[in-house]
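Both complexes shown next keep chain A, but they swap its partner, so chain B is in the first and chain C is in the second.
For the complex of A and B:
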């Protein structure tokens, strides 16, 4: 049984809506307070990147199960400019906020699985999962 | 494991709530090191605290629990920052190891041996301010009568400078067969550098050549510090200047070449700006001070003289060099018959 819901990102308020949706779904999946906060932060960062760099896009949240394990999946997708130097972006200390631990490497740390597909001029899709331990 | 930590935390917290003694705070502080050891994130620490409190004081007002959830939220980025720092520290350790290897490679690659020419005493010191040296000394011993030296300073330090120097070295190695007059050498090296290095890298170089048959020292300079020539008979110093642009800026540069005739006891000191721009409490060191230091040990070997100058000037800077430090001394000794 998988269940997906989504939030379109156009304005900064949509980031809040995506956070809210993520937190609710995380809670329903059975995550504790700390992991709820982590998942929400990851969603927040991804939604913010869409808002800032792609202008608009979408956050989808899905409760998932695999081999008896339960978890949550976030898909952040946009048709924005794409990321040309992915390797750099995934490096610590690269984000414009510089040394605040946030950005894409932060999202990767907050989640268990993390995958970026991005093509300049076409868009970016980021998929991240976290499992209930 | 966090569960066990949580249980212990609860006990320590309970003791403190009961007694509020300094001793319990001390125990708590020691215990906090376990959090760090076990890499427990700050947000987890708050969560452990909340769990312990729920068991110890379950009747607190709801607002307290809600505020703790808020605190957890506040700690997420601290946790991330901490982990980023840890990963950057590991990265920096790797870089440091690579640097150590690079320094060793540089040392081997740029090795040079003092020339051996009758009647000429050669001494030199080259000390990097940081790990990698941006100064470069290259000796050429063309034949039993002729000894040459290039003293170069690559502006911009560290790894780029080191890479650049290997290029100069290989340029010099190619000289053995060709024209080795100072102006010709600078001309060739300038062309090599101009071709291979981008415009942000500047190199100054002094090239000197001593011919024992005529006791002449001829020299050219590519925007380098003037050398100091000490005339033993008159006991005076003279600056050896030669016009010429820094290496690598443009191809068609005309380098001046001059020569001095050396007498017994005369010496020439070639330096980089790490020597002349030694900072003392009163600002840059005076040229006269350098001259006095050299003159005071004029009767010692060229190597002793170079070391003396280094020790004195490094001492003035409390052994924290502001810049790479290089001095080469050519001194004419009476030829034993």
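For the complex of A and C:
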């Protein structure tokens, strides 16, 4: 039985709540400070994307285990406009909001597994995992 | 009939309060009635009962001073709004019970009483919840102001060197404040080197980095240099993983090292002098 908790993202402060939850869960899973910072930062990026582009959505955090390995799974889902060009979004330096454009490729580098499912007009679900080595 | 009800309630106030306290004590997750000293519970309950009965005569309005006083108190005691609502519910249940017991209310006039009591309790509930949320909003806005006062002041440390310690989460609003204070401070303090200390920033994501880069660019435009200090090892690693480019920056791990570098940039150093 996996354990999952979630934070709804409506305001900028919900981003703080989401990453606080992530940090606590990462700590409980047994991640060290560096990986805690990685996970927290990844959540921060994903939550901010929801806030900026979709307006509202949800961050779910789950402690997982697979073949004796333990880890943490982040699911960021929204029913926003979706991503029209996935390849571009994953390029460094591409941003539609005047930001640094490092968020999505950054999250991919921060985490071990990263998957985006997005349909324009329907929404986006991003799943990212980090394993305890 | 209303008069009969009012008289009965007023005469049996002690019993009502006692009954009500007993009911409130049974509420789940309730701490107030168990951990507060007895006399305080008694006093608060009496105030609550007084407030509840203040508009019982149709001619008298709710005393707004009393209302505000009371809500301010319960917010401070940490009553939740759910609990306040429950308190009002329980109070009307107790009153119902009493009227039934005294034989004032019976099957034939039940409908009338329900209406009278609803007319009495409903506006009261509205006012109490209204006052409660106003009190709560006031608390939040005060805290917001307090938080703003905490954030981002530029401190002149040496001639031409200033430090801005950043503590806590940086959101859009604070980022704006940081930028303003930074630029104003650089100009008024005639700083040549500014050290931005991020030791107290829990997460540096792309947005925070973006704001820092923008602030540094702006500082450069007003003729000073910006140095980023207080980069913890885990933050350094996440910045690298995110692929954030800080090549244009001088960065140091601690404020102390940053200060030495800043002194060197302004052609000075700290030397030990021999004791005489």
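List of remarks:
In the analysis below, the second predicted complex is superposed on the first by the 126 of 133 C-alpha atoms of A that agree within 3 Å, B and C clash if a C-alpha of one lies under 4 Å from a C-alpha of the other, contacts with A are read in each partner's own complex, and residues count from 1 in each chain.
By definition in this document, contacts are C-beta pairs under 8 Å (C-beta built on N, C-alpha and C of every residue); 3 or more make two chains touch, one makes a residue touch a chain.
Because the structure is predicted, anything quoted here is derived from the model rather than measured.
On the shared subunit chain A, the superposed partners chain B and chain C overlap sterically. The larger set of touched chain A residues comes from C, when the choice is between chain B and chain C.
In the superposition on chain A, A:119 contacts neither chain B nor chain C. In the overlay built on the shared chain, the residue A:12 is in contact with chain C alone; chain B does not reach it.
Contact with both chain B and chain C is seen for A:33 once the two complexes are overlaid on the shared chain.
Using the contact criterion defined above for the overlaid structures, shared-chain residue A:110 touches chain B and also reaches chain C. Within the superposed three-chain model, A:102 lies in touch with chain B and with chain C [touch as defined at top]. When the two complexes are overlaid on their common chain A, residue A:85 makes contact with neither chain B nor chain C.
Note on the chain A alignment: of 92-100, 218-226 or 236-244, the part of chain C that runs into chain B is 236-244.
In the three-chain superposition model, chain A touches both chain B and chain C at residues 33-34, 37-38, 40-41, 92, 99-102, 105-106, 109-110.
Those residues of chain B that touch chain A in the complex are listed here as 41, 43-44, 46-47, 50, 69, 72-73, 76-85, 87-88, 91.
Put simply, chain C touches chain A in their complex at residues 169, 171-172, 202-207, 209-210, 213, 233-235, 237-238, 241-244. The touching residues of chain A, counted against chain B in their complex, run 32-34, 37-38, 40-41, 92-93, 99-102, 105-106, 109-110.
Taken in their complex, chain A has these residues touching chain C: 12-13, 16, 19, 33-34, 36-38, 40-41, 44-45, 48, 92, 99-103, 105-106, 109-110.
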